[in-house]
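The structure under discussion is supplied below as structure tokens; questions concerning it will follow.
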Amino acid sequence: MKKRLAFITLAIAFMAMPLLISCSPAATPPAPPAEVKTLKIGASLPFTDSMGIDTKKALEMIVPAFNQAVGLTVKGQKYNLDFVIYDDKYTADGGRAAVERLVNEDKVQFIVGQIGSAPIVAGLTVTEPAKVLVFCGGASDKIINPNNKYVFGTAVWRTNLPPLFPYLKQAFPNAKTIVNLSPDDETGKNLARDNSKVATAAGFTVLDSVYYPRPTQDFAPFATKVVSLNPDVVNFPGTAAGTSFGLQLKALYEAGYKGALVSPMPPNLSEVLSVAPKEALEGMVTIMPPTDVPNPSSMASQYQKDWTAKYGQWSVASLQWIPAFYAFVEAVKKTDSLDPGAVASNISANGLSWESANGKAMLVKRPDYKNNRFCDTVSSLNFGKFTNGKYEFLGSISAEDLAKANEAAFDGGSWK
Amino acid sequence: MPLLLVKNVTKVFGALIALRDVSFEVNRLEILGLIGPNGAGKSTLFNLISGFHRPDKGKILFKDTEITGLRVDRIAGMGIGRIFQEPTLFMQETVFENVFSGLHRHYREPAWKAFLHTRAANREEAVSREKAAEILEFMDLAAMRDELAANLPHGHQRSLAIAIALACEPELLLLDEPVTGMNPSETAVMSDKIRQIRERGITVLIVEHDMRAVMSLCDRIVVLNLGEKLVEGTPDRIKSDQRVIEAYLGKQVI
Amino acid sequence: MSLSLFVQLLVNALTIGSIYVLMVLGLDIILRGTKILNFAHGQLYMLGAYVMFLFFQALHWNFLLSLALTGLALGLVGMLIYLGVFATLARRFTPTTTFSYRLLLSAMASVGLMMILQQGTLLGFGTQERGIQPPFPQIIDSFGVRVSLMRLAIILASLVICVLLYLLMNKTSLGRLMRAVSYDPEAVTLQGVNTFWVFVFCFALGSALAGLAGGIIAPVFSVTPAMGQDVIFLSLLVLLVGGIGSYRGTIAGGLLIGLLLSFGFQLLGGVAELFVFMLVIVILIFKPGGMLGEAAE
């Protein structure tokens, strides 16, 4: 009997092991020098997604370098930043669990660098009452809901659209109709709706939005559906930048689609091209990574160099989500306080600007959402067209001009 | 030398002593009956001999070799066949296939040889087919060789179960209630068949409730009661034994 | 609906359907042969894709050779899993352990195994999503019908595998033995056969089929640690719909799911998947043993 009990316990322990592994903090804290204090920062990322893993790797690269080079100094006290990262599985449940753990167990007061809408929105139900400051990516407009006081969206997915469609028009003057191909979750539906709004304003007709479940691998039925609608342009709002995007492009190519392509998010080329032939990407208009423009900024080149030296294979996706970190650093410096309430009210009222490898960026108000707090982000952006396996540079826009373009596209008042 | 020797066997299930210190032997080419009221331990004894259970004490010898605790398939391979009360047939196969497969398994030729249809395997298959036909003839099943086992009447299913067991060429056959539920004429046919099986050189050990059949069929009888051996002897002796009558509480048949 | 669209949808349906057929044949062989409901079957499919990636993409071996070796490798993995996990578990059972308890415990063990394989792959290979360049990237484009050659190759290969499996199960004594064991292992034991190795073979064969399914679809899909998660649930549904223990039912069920997903999405849009689940419920209400399963008869 005892033996059996021991066996069962062992079996249960074995089964539970993967759970424990997946939940354990990813970064172990380095021992700080005596005079420097450690500041715990929380993050939740989907470890089930290459985007999440690359963002985790990015944090593991830039944070130690930041600690070593300058560190965060508040009221004369130097702090080493220590990131505690949990897996949120890109789901609402996973996000809420991760954030609850960060807030209640690890007692973090800042959460920096989440990327998925579903986990972020679920996490807000914990962070807002606990007055925990959140800098996050994610495309959901629930992030910029006026009831929230402690969350700042640092990704450009809600603001990058107005200039995208004019560039599309420039590249394909005869294109008139668009079909959206999007995941059927929070991110995908929000983005498909925003894309449709902006595309319509730019003179396109949106025929339909086709939604697929996020883990889909067989895109043939969706591609066939899109092709049978016969659009001039296929848009991919909210699509994950990796092989999922590649499989969609491949399926469209195989289904005989010959029209134009537009993607609001730059593809992760190495992963996309591992599943899709080069021809499938031909003519795609998209945001061009800051590392691929004719004269990249020194920060962008340095970032790419450091990444390649540390991890080998270059990942554009890793770059997209780091602005949250720089925004957080600037916000704390500007307020010179570690009180999340003080930081939040300062930048909510006075705005914030920062620079990262991803370009210059600043916080804006969202009067179209009746939110008069500086809560959302505009950034300098580059646009390109994919031709013969490479980006062809179409043009760029500064953060200020992007804000203006948005003001014009979404009515409601000044964004500054 | 007895064919099967059961020596001081005890089997306990939790708090229940199913068999206590039971010993008896089965001689070559006899038909031995194993009787006793419900719960006497007859099925347990069968399970111990065929290897489904392992005795807690005592041992079992087959042809002077100890088989206590061997795996079921090893015991079967040594020449002990067993037929359950509910025939275990492969219902979706034909009567012929049921017997043929049994033969095939018995010879155990490597599967890849059959797959490649080597000559040896082909020859073996031809021999198996002949043998299967002979066994079906013997069990009076030749006429329905292409019927699905599932479609046979119950009595014939029992015959088929015996045919399958015969295919493995046992030296000792354990029969679990072979005539229970049969009418007198069917019982007579089956009893006759069991005698013919003995004439094929196979020793038979029977558990049976039908006393009339047991008395007429068996050479010797072992009576179990409450897990212990009550008495053993010829049918005539058993019939008149006071302890047996008491154990059965005056059943009219005896 | 145009002819071109119809053919495309049909080819898609058959591709996906044939993958499910391979998956479910494997599940069924394992379930009936060893009485294990193997929830880790999807992870074996995922491992098949990884092994295929290794042989075909990384080592540049011939496609058919890589596929055959993938089947063998997964057969070996299955064998080790059976010996290491399920046989060890079965040794804990006594003759009085009830059938349902055995089934439950082995299913729980397979759930644990599912997580171990999943997380192990994540830790071992990382989350990088990989692709396999298809060996037949050509698109056949004639009479206005566009069909991917790779998808046709997958359908053909699945067909060949099914025929080989049919021959194995029906024309060899090993197949006959496997069927006999799945029907009544005790009776086979009484015929002097050590059924243990038949169990091992059943599990290995089922695992090999999952590996072949994963390896064969890998050039069309991408290779990720999570790819086994979704496929297992639909496979279990196909198993229920087709009926446990019926090869015809499994093939019909797999193809039906393929057709429903492919045409259903075109005609009904996003509710197609919902429709599939509703159909499953309806079939199970009226035919609790599945369309062609043993319990239906």
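Note that the chains take the letters A, B and C in the order they are written out, and that residue 1 is the start of every chain.
In this section, a contact is a pair of C-beta atoms (placed from the backbone, for glycine too) under 8 Å apart; a residue touches a chain by one contact, two chains touch by 3 or more.
Keep in mind that this is a model prediction, so the values were computed, not measured.
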Leading the contact tally is the pair A-C
With centres defined as CA means, the chain nearest the overall centre is C
Distance in whole angstrom between the CA centres of subunit A and subunit C is 36
Cα centroid separation, subunit A vs subunit B, in Å, comes to 74
Note: subunit C sits from subunit B at a C-alpha centroid distance in Å of 41
Per the touch rule, the subunit C residues reaching subunit B in their complex are 95-96, 168, 171-174, 176-177, 179-180, 183-184, 186-195
The answer for subunit C against subunit A in the complex is residues 5, 8-9, 12, 15-16, 92, 108-109, 111-112, 115-116, 118-120, 122-123, 126-133, 137, 139, 141, 146, 148, 151, 220-222, 224-227, 229-230, 261-262, 265-266, 269-270, 273
Touching subunit C in the complex, subunit B uses residues 13, 50, 52-53, 71-74, 76-77, 81-82, 88-92, 97, 101-102, 104-106, 108-109, 111, 114-115, 164-165, 167-168
Subunit A contacts subunit C in the complex at 4, 7, 11, 14-15, 17-19, 21-22, 47-50, 52-53, 184, 210-211, 213, 215, 217-218, 220-222, 224-225, 228, 242-244, 246-247, 254-256, 271, 273-277, 313
